[in-house]
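This is the structure I have questions about; it appears just below.
All chains are identified by letter, namely A, B, C, D and E, in their written order; residue positions are counted from 1 within each chain.
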Amino acid sequence: MTEGTPLTYFLILGTIMFFIGIYGFLTRRNLITILMSVELILNSVNINFVAFNKYLYPDKLQGHFFTLFIIAVAAAEAAVAIAIIINIYRNFNSINVEDADEMKY
Amino acid sequence: MNILSLFVIIPLITMFSLMLTKGFKQARLVAAIGMGIQLIMAVVLVFMYLHERNTGNTQEMVFYDSSMWFPSLNITYTVGVDGIAVAMIMLTAIVVFAGIFASWDVQFLTKEFFISLILLASGVFGFFICLDLFTMFLFYEVAVIPMYLLIGLWGSGPKEYSAMKLTLMLMGGSALLLVGLLGIYFNSNPGGTQLTFNILSISKIVIPMSAQHLFFPLTFVGFGVLGAMFPLHTWSPDGHASAPTAVSMLHAGVLMKLGGYGCFRVAMFLMPQAAHEMGWIFLILTTISVVYGAFGAIAQKDLKYINAYSSVSHCGLVLFALLMMNKTTMDGAIIQMISHGLMTALFFALIGMIYGRTHTRLINEMGGLMKVIPFLAVVYVIAGLASLGLPGLSGFVAEMTIFVGSFQHPDIFHRICTITACASIVITAVYILRVVGILLFGPINNEHHLHLTDAKWYEKTSTVTLVLAIAGIGLAPLWLSNMIGDSLGPIMTQLSNAF
Amino acid sequence: MSNFNYTLFIVLIPLAMFLLLGLQGHKFKKLSGILGTTGLGIAWILSLITAYQYFFVYGNVGGVFKPMLAYNSVWLQMTETLHIDMGILLDPISVMMLVVITTVSFMVHIYSNGYMKDEQGFARFFAFLSLFTFSMLGLVIATNIFQMYIFWELVGVSSYLLIGYYYQKPSAVSASKKAFIVTRFADLGFLIGILLLSFNTKTFDFISLTDIHGPAIACGAGASFLGLSVMTWSLIFVFMGGAGKSAMFPLHIWLPDAMEGPTPVSALIHAATMVVAGVYLVARLFPVYAISAPQGLEVVGYVGCFSSLFAAVIACTQYDIKRVLAYSTMSQIGYMMVGLGVSHYGGEEGLGFMASMFHLFTHAMFKALLFLGAGAIIHAVHTNEMTEMGGLRKYLPITHITFLIACLTIAGIPLLSAFFSKDEILTAAFHNNKLIFFVQLFVAGLTAFYMFRLYFRVFWNKEPHYHHTPHESPLTMTIPLMFLAVCSIFAGYIPFSQFVTSDSKPFESVMEMGIAIPSVVVGLFGILIAFVMYKKETTLPDRISTGFSFFYKWAFHKFYFDELYLFVTKKIIFRFISRPVAWFDRHIVDGTMNGISAVTNYVSFQIRGFQSGQLQQYAYVFVSGLVGLALVILYAFVK
Amino acid sequence: MGLEQYLLMRHELVLTLITLIILIAELCIKGDNSRKIRPFAIILFFIATVVGFLPLGEGSLFGGMFQTNGMILIMKNVLNIGVLIIFIQSYTWLGNEENKIKVSEFFLLMLSTLIGMDFMISSGDFLMFYIGLELATIPIASLAAYERTKTKSAEAGIKLILSSALSSGIMLYGISMLYGTTGSIYFSEVAKSLHSSNLQTLAFIFFFSGMAFKISIVPFHLWTADVYEGAPISVTSYLSVISKGAAVFIFVIMLFTVFRAMTAMWQDVLYITSVLTMTIGNLFAMRQKNLKRFLAFSSISQAGFIFLGMIGGNELGMTSVVYFMLIYIFSNLGAFGVVSAIANRTGKENRDDYDGLYLTNPKLSLLMMIALFSLAGIPPVAGFFGKFFLFTAAAKGGFYMLVLIGVLNTIISLYYYLLVVKAMFINKSETPIQYFKSDGYTRLGLIICFAGIVFTGLFSFVFEYIRVYAFGV
Amino acid sequence: MSGNQFMFYLFGAVIVIFSILAVTSRKILRAAVFLLFVLIATSGLYFMLNYQFLAAVQLTLYAGGIVVLIIFSILLTSHISEKFEPIKPQKSIFSALAAIIGAVLCIITLLDYNFKAGNAIAADLDMTVIGKALLSYKYDGYILPFEVISILLLAAMIASIVIAKKIKK
């Protein structure tokens, strides 16, 4: 089941994914792609939780359930975010993040 | 209720009454009545105090009263006065009273003006009656902050800049002070559990030296800023120059005294060991203040600047005297505070009145005013003479006490400082006479000034009150000196134990 | 012991007059002169009574004039031992001074009623005169050095006010300022001297200070500094104060300018009374000087000697009659200083002390006379310049006679008062310091010369064209002249050594003909030269002055001392200290404060880029901040 | 587990109930009458606030997922007071024509975020904490974008939701590592297993950055100003006091309980960030012209001061933090109240517009001044006491240097507060804002703030009351 | 290499590669599809770890729900054929730098930590256990978060409506 693949592999995988998500967040111009990057980040966290739960504390399902709830929250968050993005699109006629800089300094 | 609390309550009542007034005539009347009562109360307090002492009350502080405010931090509202505080209260009452009359003419937002002014005064009164570091600090800041509006709204010249600078620098001082006070607080009970802000309790213990080394300078400099200690005095010239008459009076006359009083009552009283060890640093600074302020005054052209620098010099002398740390100089320092308070208030009052007539404060643009406004001119000369230490007026008493006392210090370094400071009396004479000569004497060099009117009754009230006080101290200093001297016992014990 | 309580009124009456006239004077108008004069008259009579009672009734106890405290109360307690008292000390010199001051002051008051008649601020003038008299009286009766200092300052202020009486005249204003500041500077020395003295002796009190058996004098052997004992230093400092008030070189520069004041003021303050305060001060502390600090006394002597010579030389070249008199005053005070300087303590050794006091006394009379006479002349011709005068003897007969008497007196003509006093100073000098003696002898000649130069120029010589015929002054002015002339003549016959001596024990003084004769000869010689040069208009003075042109020029310009002082005050103090200080304050100290706020503002402006409005930049800062924080916490704060 | 035990969740239950009532009411009210929902909601919430003050014991529910005690109760009540004021203050604004179709939604969203905050504060494990946090954030983002015709509002919404998503992602990563190293998501168990290893430190910092984002701590603060400026004023005030307050409360609880074992480490973190926050917040606030933006930066710098109270880790610190938050709510809402009163009437939000305000609207100016002085910490108004006790708490922990930096920063802050005072009182204006009379609700809100600002400090029982329940590390 | 290991490497490679592609692709719809692959691969990992329920949720909610939502919104707001402009190199370099430093820091710290597997017996993972846990109010029961998240979802719904709601004319 888990033999042969150490825990750290999962964690490294999670970390890499996390920072790819971060990179995406920092560089993508399109608001929707930024949102996608956020999903990547959340997903990497999920991997962490699951891996920890499985490898270290399999007697309880805390990581498992945490992941479950993160997915649910992520869905809600994505829904609202997309609503706002669409609203932005209506206002700016663009969903380029760099256009949303009316307020600064 | 404790009589001392009245000194805060009366101003508060006056302020509330002012809010209800309509029109500037009502407002100034209410203010005058309120502060008149306050002045009477101050006189009564003096007599009550003397009576207490005569009837054998040997408590460190009389009319002592303490009530808990924030029990968990042991913050109390503690009041009590000794001779020094009584003297300072008296000074404040006089100056505020004179200030109200000096600003009789204010017609722009009169109500607000007097409210701010009295708020300031109530802060000062509160500061003097309190014996709890927290409440002292609270009142201290209450006294400082109305300055901003007072200068900014009713001032002249670059008032906004000056007001901001003054407020920020004074608040900077209080920032240092705050840290110092907290430091004292947390070291106020070594080994014990209950910390205290009460000055009397703290004075009973010895704050650890490591803490003193840290917090003495903070506290001293914190108060020193308000006492216009070199090089943190630069708020003073600009601030005073821009402030309206009564505010300059109150500020230079009373508020700057909070600095000296605080240095004395908090920094040195509570941390005598550090005062001994580190006093020399500040002694150098204050000696510089004394001479520097005087020299600075010579080169000025604006009357208020001259007086502001003169205040730097005179207030420097207060701190200087405190740092000499013997009974005589301490006595002298307090008298100097009172004396300077009165005469600088008088100066500012006069400058305001002259400015109100001539619309200039540059001495070069005026001349020969003695001819047209003899009353004000004569009083100006009296103020000048008081400032340069003429016997028979208060300045002399203070300066001489300080010099004689300082000279009792056998250390050569202190001697040199003393003699340097003594030199200021000549420099003072130079700038005072220069101003008097140009401003009042000589021919009238501006034809607009030919038809000025002399002082009105309220202006006379204001100035005469101050002149009387100045002359009173100058002619019969003994009672004041004794009243102060009797109260110097505890701090002298503190300081001598510190050796 | 007698009850001398009434002496308090001598002091208080002038004070009351000052307050009355000062505050309400404008209501009295002309009456104020009479009020002031009456007040002073009462004080004068009381002083005379005091003198009589002290010298002849109560003072002399067992052959010694004991000092008496007529009144004393603590005014300010400084330390346990040091307290300033206010009191009245009566001893020979103070009583003598009381008489001198009230006499001259009374005369000046009377005189002023006439002289100042048409002035604005008539009441103010009398108020100030009263103030001055009060202060001066307070000074002389001081029981302790600090009381003296207090009144010393007051005297200075009244002098300031009186010099600046014509406050609309710029020259008067600057003269008054100068007088005050210079004496103030000297007073700084006085103050430091007091501080040093009181620190060493633990007392301000004159009686304990001058008690020759007391602990104070014994302090003299204390620590030394630069070769002189601390006591000597302190007394030298004290003398600095005295030198300032008494216009001794180099602090003399204010005195000639002080002549800007009304002439009666010059007579009272700048000739007869205030300027001798320095002499009085040294005399007050004489036992301390003589016993503890003989070097200090030497300094006094040399300073006095030099000043008298210096002033006499300048006096020979001046044309303003009041200035001539001013330099003459300076020169004469130099004499008094010399007298003290060459004196010792006790008995006949103290001849110089006695002589000095004697000269002070006579000088007050004749110098007041001279000034009042000069005032009368000025009153008549409305100018101070002697070049615009001449031949006045026929217009001003009384003035002429009294002035002549005064001139003769100052020249040391025998049988007139100054002859005796000056002669005794010379005697004392001869016995103690030959150098000083010869210098003083020479000065005596010069004195005679310049006084008669003045006399001849004014009363004889060629008559210029007057705008209107000069006329004799009213009685109010001539009566004081006549009275003072009488005093000048006869004051010399008072047996001074019977009353005023260094140790308060009377002794017999004898005239030494070996000294008297040369001095008279020298004086006559001086008169002769003046007669030759100035009796009629000749070109002789011009020729002589061109002959010694360099020296003459220097002397005429008062050896450029004014310029030197001007240089020091204007250039050094104002331009090189005050201006830079003010500049430093504005630009460096204040600049630092403003700089702090400017830097804050600048930084605030510079970092605004962080808030670019770009969401991704925010995130970038977020992430890098997070990483940075983690790095710092994990690796910088090593646990 | 009896039913009465569920009363421990009283705040949450009552709020949920109100939410449902409003939801139903919304369905019942027809068309244009939706404005009537405003007084109804306010009264309901007022009842909820009062109910919140009823005494209650402490305990935990749901196996430790929900916990409450006196301190938590106080915190919730403080938040309730703030929300009540905000509801009152937003009354006028909600009456605007463009908002009238979504009045009840405003209340629903506000209340649901408040429920989220209450759960967050009461949470006993990271899961509840996380869900509470999200519940407190997501609806707010849509509220920020509430005025959907305004571009600024939309921009504020997107900036808020995306940044908060990023921050919660980062925070979750930290939580996952905490879970990995301690084996539990329950606070009590996590606290026992913490031992300051590098990984846990790193986890804490990740977690911290998420919290810091909510509290607006530099360098995680950059969203604040833009969102505050763009969002409607009611939402801005909600964000600046309630959201921030809730985050502060839970953070202080977690620091003192969960991360107790790592005290030395988080003190370093707090030290660095609080210095940065105070300073940078002030430096930015100095130059702001728009008052909402200005208050945003000022609130950033205030957050730095709040850390001063936490850093000592003592019960005094907790007391002073809660106390300060209460005062801060009054002061900041007072300031926002004035800004919103004026903005509603004139649409003006810039400092320059306020020139000469005192002459035309003296009461508003005075209240604004007092509120600003309270924010700056000038006696005798309450802010002074709040700040003083924060400093005291830090000094008690021995952080004198930090206190000094803090008080020096108050001077800078005083500078910019005074700039506003100067505009209102000193500056002259050709076209000042004309005199106007605010409606009753606005005035009520301002009076509550005024009373709070003046009396919270002077009467010590508030402080002492909080103090009773406070605890330290 | 066991099958499990192989699966891990496979899924790992898919996740990493498609993650990178998802955040760098210049065509937005492709990016969404790459994201879908990542999410599916993640659910594969869950399967591999025997968390079937979770994997199912991941597939349905994440891959099925969110990605669809995203794709809808893409269709609403973008032209499919549109290509993004390339990112400014400066921006991408600095971002990459930050990400790499962060990743390295995290990985080093993770590797540094000595994870100790407990000897606890793995819980049974059938649906009843999960269902009971979700509805339990005892320790390790998740009824409360379950309820609260329902509020959250309700709020999110209202939130979306608020933004989308139009003023009736």
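Here is the rule we use: a residue touches a chain if its C-beta (ideal position, glycine included) is under 8 Å from a C-beta of that chain, and two chains touch if they have at least 3 such contacts.
The structure presented is a predicted model; accordingly, all values stated were derived computationally and were not measured.
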Contact distance in steps, from chain C to chain E: 1
Neighbouring chains shared between chain A and chain E, ordered by label: C, D
Winner on C-beta contact pairs when A-D is weighed against B-D: A-D
Central chain (distance from its CA mean to the mean of all protein CA atoms): B
Whole-Å separation of chain centres (CA-atom averages), chain B against chain C: 36
Rounded Å distance between chain C and chain D, as computed from the means of their C-alpha atoms: 77
Centre-to-centre distance between chain C and chain A (centres being mean Cα positions), rounded to whole Å: 96
Whole-Å gap between the CA centroids of chain D and chain E: 31
Shared interface positions of chain A, touching two or more other chains: 11, 18, 21-22, 25-27, 34-35, 56-57, 60, 62, 65, 69, 73, 76-77, 80, 83-85, 87, 100-105
Junction residues of chain C, two or more chains touched: 597, 608, 611, 613, 615-616, 619-620, 623-624, 626, 630, 634
Touching two or more other chains - residues of chain B: 168
Chain-chain contacts as defined at top: A-C, A-D, A-E, B-C, B-D, C-D, C-E, D-E
Touching residues (chain side chain D, partner chain E) in the complex: 1, 16, 19, 61-66, 98, 101-102, 105-106, 108-109, 112-113, 115-116, 119, 127-128, 131-132, 134-135, 138-139, 141-143, 145-146, 148, 157, 177, 180-181, 183, 186, 197-199, 202
Chain E-touching residues of chain C, taken from the complex the two chains share: 616, 620, 623-624, 626-627, 630-631, 634
Touching residues on chain A, where the partner in the complex is chain E: 1-5, 7-13, 15-24, 26-30, 32-33, 35-37, 39-40, 43, 46-47, 50-51, 54-62, 64-65, 67-69, 71-80, 82-87, 89, 95
Complex contacts: residues of chain A adjacent to chain C: 22, 25-27, 34, 97-98, 100-105
Complex interface listing, chain C residues touching chain D: 597, 600-601, 603-605, 607-608, 610-611, 613, 615, 617-619, 621-626, 628-630, 632-634, 637, 639
